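In the two assemblies presented below, chain A is common to both, partnered first by chain B and then by chain C.
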Partner chain A sequence: MTTDAIATTAGADGGLVPAVLEVDQLTVTFKIRTRPFRPKQQVTAVNQATFSIARGETLSLVGESGSGKSSTGRGILRLVPLAGGSVRLSGVDVSQLSTAELRKQRRHMQMIFQDPYSSLDPSAQVRDSIGEPLKVHEHLGGQQLTARVAELLDRVGLPAHYMSRYPYEFSGGQRQRVAIARAIALQPRLVICDEAVSALDVSTQNQVINLLEKLQDEEGLSYLFIAHDLGVVRHISDRVAVMYLGRIVEVGPAERVFESPAHPYTVALLSASPVPNPVIQRTRKRIILAGDLPDPSDPPSGCPFTTRCPEVMEICTQVMPPAVEVAGGGHVLCHLYDHVPPPVTPVAIRPTEQPVMHLDAVSPAET
Partner chain B sequence: MSGSDGSFDREMDFQDPWTGFTGWGDTAADDVTGESAARRFVRRFAGHRVAVLALVLIVLLILVAIFAPTIAPFDPNKQSLANHLKGPSSTHWLGTDELGRDVLSRIVYGSRVSLTAALQAVVIAVLLGVPPGLLAGFFGSWIDVIISRLTDAVMSFPPLLLAIGIVGVFGAGLRNAMLAVGIIFAPRFLRLTRSAVLSVRQETYIEASRSIGTSTTRILRTRILPNILSPLVVQISLSLGFAMLAEAGLSFLGLGVQPPQASWGAMVGRAYRYLDEAPTLVIFPGLAIVLAVLGFNLLGDGLRDSFGRETRKGGA
Partner chain C sequence: MSSAAQPDLNATVGDRAAPAATGVVALQVDGLVVEFATDRGWARVVDGVSYAVASGETLAIVGESGSGKSVSNLATMGLLARSARVPAGTALLEGTDLLELSQRQLEDVRGDRIAMIFQEPMTSLNPAFRVGDQIAEVVRKHRHASRRDAWRRAVEVLDLVGIPRAADRARAYPHEFSGGMRQRVMIAMALACEPLVIIADEPTTALDVTIQAQVLDLLRATRDELGMALLFITHDLGVVADVADRVMVMYAGQAVETGTVDEIFFHPMHPYTEGLLRSMPQVGTQGRTLASIPGQPPAPWSMPGGCRFAPRCPYAIDACRAAPVPLVELTPGHQVRCVRAHELTLRGAA
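This part shows the complex of A and B:
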């Protein structure tokens, strides 16, 4: 069904694989009143994000809270207005479509939301929730609809007679299965999983991830997997993109990013993820980043990570680093790898933006 | 859907269903949670004794109104001046009025007027209030501002003055009086709808519908409306009681039904002049009003309690 997939991109193996999704310079901004009686401030949630996802590929988007992961997902689906850039789905520029055309294209891109307790209409039977995309796009009804819903329930591992039930009668994992059935009802090309397993307990997470992988194998689905649990990300991803303050600072094959992270932020992020081995967990070095994410309405100049980066250089506060290829695949936006830095006259770092960071081992005795 | 093995399998979500998975079969869980929303509502409502009593009262009232010609012992408009202002007796159970008409028959026929008038007023109020409330709540911004300010204007107008004005323009009569009541009640429905929509439209399932490609009108119809229905039904029930009271009041003032037609309010209105000679003339239709209004209000309370959303079961 993706015969009109004309665009291609370099896949993880270097070969040319048709790209299902191409995101180019995607920018999402919000106007927020931070203090009462003051003019609204513009906050750039996503800043020129560029990446692509091949057919059957899973790209994970990781980063701390507020880094713009969810806004990227919502921007791609145009659930939030775009401030710039383009989103191409199988070659169709979604960002330029009219409202009516966009509604038709939505069948090719679906979303699974974080909280399965609020993403299903509590007053609607499961049949109506799963059947909604079929009613809207294929105008199904009656027995045809029932048959399709039964088939979908079966594919996500739920008995068909559950269709006459209401969401409150299900557990979290079952609800997420219903949400998945609804997302795959129209055989979409792209499914955005926005923290789709974060609200579930670990054993249920495992089942839902297995289900997602099974469906990917069967349908050739592409996933944009938004998550903060790096263990899950490592398991499910083909490639990983790391976001910090609205910027994608590193992209690469999952293996490479986890084994030899290039960006200092990726290094810190990985060191913050617990290792399921108590001995290693206690003795390994952890990098504790000082401070919080900077105010997104007033981002630092140059590289967004300058205020917390252990390797900060003078050039970092002045120039946004360009994308540099990394050995092993992908690219990184960091001056450490930028061997031909543009000539810049040295300027003193502003005192308020002194880099603060501790790079030391946490003593196990203290905990 | 009784469990074949009789075990209550709460843990089924934690087993890996892909290894040797053959389906859950019938589980006892079906018995525990397999209750439709309608049945849950009936169960909770049935536990509410006062509300059930109120429902019985209202059903009785509706039956009386439907079968008025069979129930009423006399023609409600037949005068008998020789028998005027008689107290309760074996022929005239509730006595006769100043023109010798049977009070019981007039109350029975009056129930028709009271019920249809209340229904008419509430239908008008719902039609005028709910659609703009939906739009104001869902779209917000300038649409909300315009609709809300218009509502404020209607609400700030003295209700009785509005009723007198409408009756003055369109002429006296029950239909016009109830149009006025409907207009007066509409802002309540509008505000209730608007605030309910405001909270529902924040829910993720609305965004989920939008991400599927569902049109706005369809979202309003299939996702918003069903989720704001329970406060609306409660408000309708309460408003029926108040509309009945308003009809009585307006008929008492001569703005509602015109003689010789009987309505409870009009009966009280005519009878108060003979209060010292025949106090029962006021008491019986007054009692009918009290019972009917009380019935609708208690029913509304019961509905509200029974509609409340079930607390979340299980945890994620």
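This part shows the complex of A and C:
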């Protein structure tokens, strides 16, 4: 985990851009009762997650349910208590702030949830839902507030007169636009999108994604995008982090992760995700992982993926693999790459509609 | 790998002739109409839908929420809410019209000749009973088997769907299974009486992709092994590409296009199908605006008089809005509901 540049991130032009968000060794634990009448057990939902997001950048977190994606997002906003690690937002360590100080910082980081129907107050007009953060943080009211809400509605593609409507009067896509308007009301630096488009039909989903990208261009927003649809993730992300059982097992530029995934779990995840093309879907090689995610309250020793990994070796069950740099960018936590010097030549970009990945891209024999 | 990168589409289309012609038709639905009671009167949510699925074949029904894809299948199973009615249509299964049967007669058919798998298995299983008992109950009801034989069958099907240590796990309760395993239990229950038809309504939508891949593989394998007809309802075109032999695309309560999976993906003839395909985030669209279909589907009480897709269609002309558009078979096995189908050249999957 120490190899990732924490204070800065490589920008698109190769230069260094100051990070908006720096997450270092973030750990989130829960105490849950897994069986009735037994003592509660500690579950590590997020285990030493380390990453950073630059201004105007989108980092996606992918992984199965229970992998700790949402807990990472909630940990960053301190919606759940942190068990360890630090979160710095534009240099301010929010993990150490008092509740009152945190409240002031919260305006810089906002969250959009999967289901706006449950995140918007059903008895409040849209004007009040969008206006609430402006009242609290900027003490706006009356004409001024109405004007700002109208402007925000316009920016998310809704007519201003919708402000007197209630959430039930909107379609799912429109409701998500309202949630976005509320999230951007205070011009945050970071917006965490937790499965923000997952519940929408595909054409509506695309409209919302286009809106998120437009707002990012206009405001230089940084997104932490939590999603399970890999097609969407590939489209929207600059970089991708893959989580498994609370650990970030691989992180890197989206192109590199999708074209030459390094971790066996990433390889399996990509190969399991169906492609909307019947010919490719019939001919591509698929890795069907056996079994389920292990019980998070009783994780396997060593690497968390050992119980399902097709490449498992003896060392994997004993030692947690260290972070190793991957050619083409990012790093991977896997013993397959221990002591293997990264190839000198850049990773070849494979035919793009061929999501079947092989590990040979980083093996010295191939290069 | 090289052949996959440059697929010979014509060859593949030819290799997979319309399977409906080869298998025996297991379920045939004709002219199905479903209406719901609303404040504004009867809202017609399924309007004259017809389809057939043959033994050993998978027909995928695709559409966005509200297109009527789930409701039409609930109607054939007699599982609609009381506020709904079916004023027209037939659903023939082994010569019997399911829509003519009483609820009691339907109970004899459901779970025996036709079975259904839903999206959320936790709500379909009774949390208070062991899964083995729940499966055995189906066998006892339909096969009049002894307790012991029914239990044995339950263990057998749990084993068939890949539940490890099936004899032990049959004694477990639903909450002791993970989501993917619970869906396997549902599939085991559906298979218990070796039905002719399985209707799977978004069976993998709530599952993670690695588990989805397992369940899709299982459904495909059991369909081949038992020669069942599989009716697969989904909104996910990736899943369709994976499981389907034929596809029916629904929009606003009507079928707008039906054809083999390769025809639908590579030679779509309805602008809505093209819109759906183009809306799938493709490789290489990073940094570009994603295609989307403008607007919203019409509400059941304000359907356009002509083509229902016309208000959102980039190719719409006056003729489209003039009168309802019939579903026409343009090439063998490929039906489309579009006035301009013969003159438009639409883009398929890349």
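The rule we apply is simple: the second predicted complex is superposed on the first by the 326 of 367 C-alpha atoms of A that agree within 3 Å, B and C clash if a C-alpha of one lies under 4 Å from a C-alpha of the other, contacts with A are read in each partner's own complex, and residues count from 1 in each chain.
Convention: a contact is a pair of C-beta atoms (placed from the backbone, for glycine too) under 8 Å apart; a residue touches a chain by one contact, two chains touch by 3 or more.
All values derive from a computational prediction rather than experimental measurement.
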item	value
Which of chain B and chain C A:Ser119 touches, first, second, both or neither	first
A:Asn210 touches, of chain B and chain C: first, second, both or neither?	both
Touching partner for A:Ile32 - first (chain B), second (chain C), both, neither	neither
Which of chain B and chain C A:Ala147 touches, first, second, both or neither	neither
Which superposed partner A:Ala327 touches (first chain B, second chain C, both, neither)	neither
Contacts of A:Thr283 with chain B and chain C, given as first, second, both or neither	second
Touching partner for A:Ser171 - first (chain B), second (chain C), both, neither	both
Contacts of A:Arg106 with chain B and chain C, given as first, second, both or neither	first
Contacts of A:His137 with chain B and chain C, given as first, second, both or neither	first
On chain A, the residue positions that both chain B and chain C contact, one per complex	171, 173, 201, 203-204, 206-207, 210
Chain C-facing residues of chain A, complex	64-65, 171, 173, 201-207, 209-210, 213, 228, 230-232, 234-236, 254-255, 258, 268-269, 271-284, 286, 288-289, 292-293, 351-356
Chain A-touching residues of chain B, taken from the complex the two chains share	1, 13-14, 16-18, 21, 23-24, 33-37, 203-205, 207-215, 218, 222-223, 226-227, 229, 309-310, 312-316
In the complex with chain B, residue positions of chain A that touch it	77, 79, 102-107, 110-111, 113, 115-124, 128, 132-133, 136-137, 157, 159, 161, 164-166, 168-175, 179, 182, 199-201, 203-204, 206-207, 210-211, 214
Contacting residues of chain C [partner chain A, same complex]	1, 3-5, 7, 9, 12, 64-65, 178-181, 208-214, 216-217, 235-242, 244, 261-262, 265-266, 275-277, 279-286, 289-293, 296, 349-350
